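Letters A, B, C and D name the chains as they come in the text, with residue numbers starting at 1 for each one.
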Amino acid sequence: MDNLCTGLCTLLLDGGFDAGLAQFLSLLVGVLLVSGVPLITVILLIWVERKVAARIQDRIGPNRVGPIGLLQTLADMIKLLSKEDITPTSADRLLYNAAPLVSFASVVLIWAVIPFTPFHYGVDLEIGALYFVAIASFGTLAIMVAGWASNNKYALLGAFRVVALLVSYEVPLVFALLAPVMLAGSMSLLDIVNAQSGMWFVILSPLAFVIFYVSSQAETGRAPFDLIEAESELVAGFNIEYSGMKFGMFFAAEFLHVFTNGILMAILFFGGWMGPLYYESPLIAFAWLGAKGGLIYLTTLWLRNTVPRLRIDQIMAFNWKCLVPLSIANIVAVSLALKVLQELDLAPRQLIGAGIGEMLPTTVVMLLINGAIGLYLLGILRRRGQEARREFQAASQAYAAAPAD
Amino acid sequence: MELNAVTIGFAVFTIFTLGGGFGVVTTRNLFQGTIWLMVSLFGVAGYFILLSAPFLAAVQILVYIGAIAILITFAVMLTRSVTRIKVRYIRLLPSFIGSLLVFLILLFGITVPIFGGQLPEAAPQTVASTRDLGAALVSEHGYVVPFMLASVLLTGAMIGAIFIARDEKA
Amino acid sequence: MNVLHEWAFIGVFAILAPVFPALPIVIARLFRPRKPNALKSSTYECGVETIGDTWVQFRVQYYIYGLIFLVFDVEMVFLFPWAAAYNEMSLFGFVAGFLFIFLLTDALFYAWKKNALDWK
Amino acid sequence: MVPLWMYLAVAAALFSLGVFGVLARRNAVAILMSVELMLNAVNINLVAFWRYSETGTDLLLNGYAFTAFVLIVAAAEAAVGLAIIITVYRNRRSVIPEEATALKG
């Protein structure tokens, strides 16, 4: 959008506008264009989410409002608009009202740095990768504030559990993020995409992708990590006191966050807009990004609807005793292998602009290392699973053998 | 001082920083105090951006709003009777006079006489990138010793804090 | 000025981002009914009267997770520039980064050994 | 551009607010938060000096790197400080520093 902004700016300047005002107006148009993408997608996403969930559960899903239920979200919005908005008397009014806004804003703000095509993006920050992690931390704080400001035991308990989950899974997420940054030698998302011209990072570092995928699923509070919506335990968790449109905002934020994570993964690991013919037209590049992000998004929906919820102690143990050590091992392995290959002149010093041919030895070595670590991990997990099953069987036999009172 | 993006940003972030700081020292409710602290530190992050240090701004938000805010909130909830303290302040008047004196000395004793004359144009346009920082952190001519010390400090802090905070009975 | 221009974009975005969700909430004010009563706006606990203070005592495990997270979060501060400078780094710098990661991993293993990572 | 002294003035004000909080607040957590304010005032100064004087010389990154180290120290201080407060609270049911007198001679 940068070129568009400057173009508009000069146009306005020629039209006799004040310099500062022209700059501001062009910025405003740019922001509206960029933010339009997530705001329009979110309306579609809610429909997709419900339709996919319904199909997986062998239902039809929304099909009454509009063709194949496409307008269902609009109908829901009208319904939510007309719902009474109850603020509990004991709530902290200011923080209570601010929390859903911050929650939604923290997701939309991520889109400022997402490169849609090689030339169309909000901004290309030097610290892009760090930026979206930092912005996401506002979402965590918003949940904490929502839980506290409701002044409700369940809300506070739910918020505590969710925040503990979110901060825990942020560690492997950020460690996994280090791998693309290291491979590209830059934190700018544009550079990271450009560095994948030779080989996608998902092939160079599949483990990092898996870690990122799992922890971003947890970051959005989706099953199997859905402590956020543990209806059976916490009567809906931190948002229990919210109603009407404010409640809707938390959910819109969640849906959008899942899709945003899909797009981010497409950018970080699947080459973003890269694909056949992407240089022909920005629309094709944009379509590639959307297709990749959408596919990843669909797999998260699939996972969400088919995997049962884990207990909180299992979730925490899985994170701290499996994902975090794995992500550290992964980063050590990636950096070590790449350094050795670079010293042996088998890998290009700069991945930006590297061809497939140059990347071949690196790819093979990286795949082998990742495979070895992955197999080792699977072995450990299998042994742990067998142990757990044996313990469970012993316990159930002891229970069956015990004399009934 | 003309009106442009930088000056507007400076004014806004000053309101954030000082307003948040004021909230921290005056509010009785510690949870709200934490939020005020975050408002204040967000303003500080804004200054970092105005001063062309976006990396530090991101780190400020990541460390303070992402982690320390959560940590303080957890601690506030763990020490429940914190909110029951009837008296908010002790030695209110002497503290007020003392801090006012500190402010006046800092402002009119050091800042204005020494740096008041420095022109705004003194700021150079070349700014270091994050990559330079990364290279400097681990180079033998750079900051490798503090880098390692930071690592030791963090390890020590984590081990120590876990050792202190762990509930022996549980 | 170029860097600041980028951040001006982020600034305008940050001002507008909370406005997007605020708009429907404000618009809803025009349509929605407003008939609050004491029962409706009381604290919701499945219909049971709420007993005692909201600020029940929490377990210290939350704090310990927060603490470990904080330490790792701060570690990122240093690892990100290190990773960004990776390609033009000398072997010395590379080893220094490794040592850094190793020391922090040490702390994680201490926590593991002390069972501080278990949800009790 | 904003002149350097304005950044320093804001930092001085923030520092004084922190001093006031440390001296006058009764609650240990509030005192810790005030200490964080003071550390951040220092950080504003460091970055401002770096931006306005250092980038023109050979010492390109001193202020920048130093700020990052102050951030680390602040984080470590918060972690250990809060852990101590939690432990003192657990043992004495109090978060008022004046009441923790077990080690007083």
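Descriptive notes on the structure:
The working rule: a contact is a pair of C-beta atoms (placed from the backbone, for glycine too) under 8 Å apart; a residue touches a chain by one contact, two chains touch by 3 or more.
Please read all numbers here as calculations on a predicted model, not as lab measurements.
Contact count check for A-B and B-C (C-beta pairs in contact): higher for B-C. Here the chain at the heart of the shown protein, by mean C-alpha position, is C.
Taking the mean of the C-alpha atoms as each chain's centre, subunit A and subunit B sit 29 Å apart. For the pair subunit A and subunit D, the distance between C-alpha centroids works out to 33 Å. The centroid of the Cα atoms in subunit B and the matching centroid in subunit C are 17 Å apart. For the pair subunit A and subunit C, the distance between C-alpha centroids works out to 14 Å. Residue positions of subunit B touching 2 or more other chains: 5-6, 50, 52, 54-55, 59, 62-63, 66-68, 70-71, 74-75, 77-78, 127, 130-133, 137, 150, 154, 157-158, 161-162, 165, 167. Under the contact definition stated at the top, the residues of subunit D that touch 2 or more other chains are 68, 71-72, 75-76, 78-79, 82-83, 86, 90. Counting only residues that touch two or more partner chains, subunit A has 23, 125-126, 130, 133, 156, 160, 167, 170, 185-187. All chain pairs that count as touching, in label order, are A-B, A-C, B-C, B-D, C-D. Of all residues in subunit B, those touching subunit D in their complex are 1, 6-7, 10, 14, 17-18, 21-22, 24-25, 30, 33-34, 37, 40-41, 44, 47-48, 50-53, 56, 59-60, 63-64, 67-68, 71-72, 75-76, 78-79, 81-82, 85, 87-92, 94-96, 98-100, 102-103, 106-107, 110-112, 115-116, 118-124, 126-128, 132-133, 136-137, 142-143, 146, 150, 153-154, 156-158, 160-162, 164-165, 167.
Interface of subunit C with subunit D (complex): residues 60, 63, 67, 70-71, 73-74, 77-78.
Residues of subunit A that touch subunit C in their complex: 5, 23-24, 27-28, 30-32, 34-35, 39, 77, 80-90, 100-102, 104-106, 108-109, 112, 122-126, 129-130, 133, 151-154, 156-157, 160, 164, 167-168, 170-171, 174-175, 178, 181-182, 185-187, 235, 240-241, 244-246, 248-249, 252-253, 312-313, 316-317, 320-321, 324-325, 328, 331-332, 335-336, 338-339, 342-343, 349-350. Residue ranges on subunit B touching subunit C, taken from their complex, read 5-6, 9, 49-50, 52, 54-55, 59, 62-63, 66-68, 70-71, 74-75, 77-78, 80, 83, 127, 130-135, 137-140, 144, 147-148, 150-152, 154-155, 157-159, 161-163, 165-167, 170. Interface residues of subunit D facing subunit B in the complex, by the touch rule stated above, are 1-10, 12-21, 23-27, 29-30, 32-34, 36-37, 40, 43-44, 47-48, 50-53, 55-56, 60-61, 64-65, 67-69, 71-76, 78-80, 82-87, 89-90, 93-96, 98.
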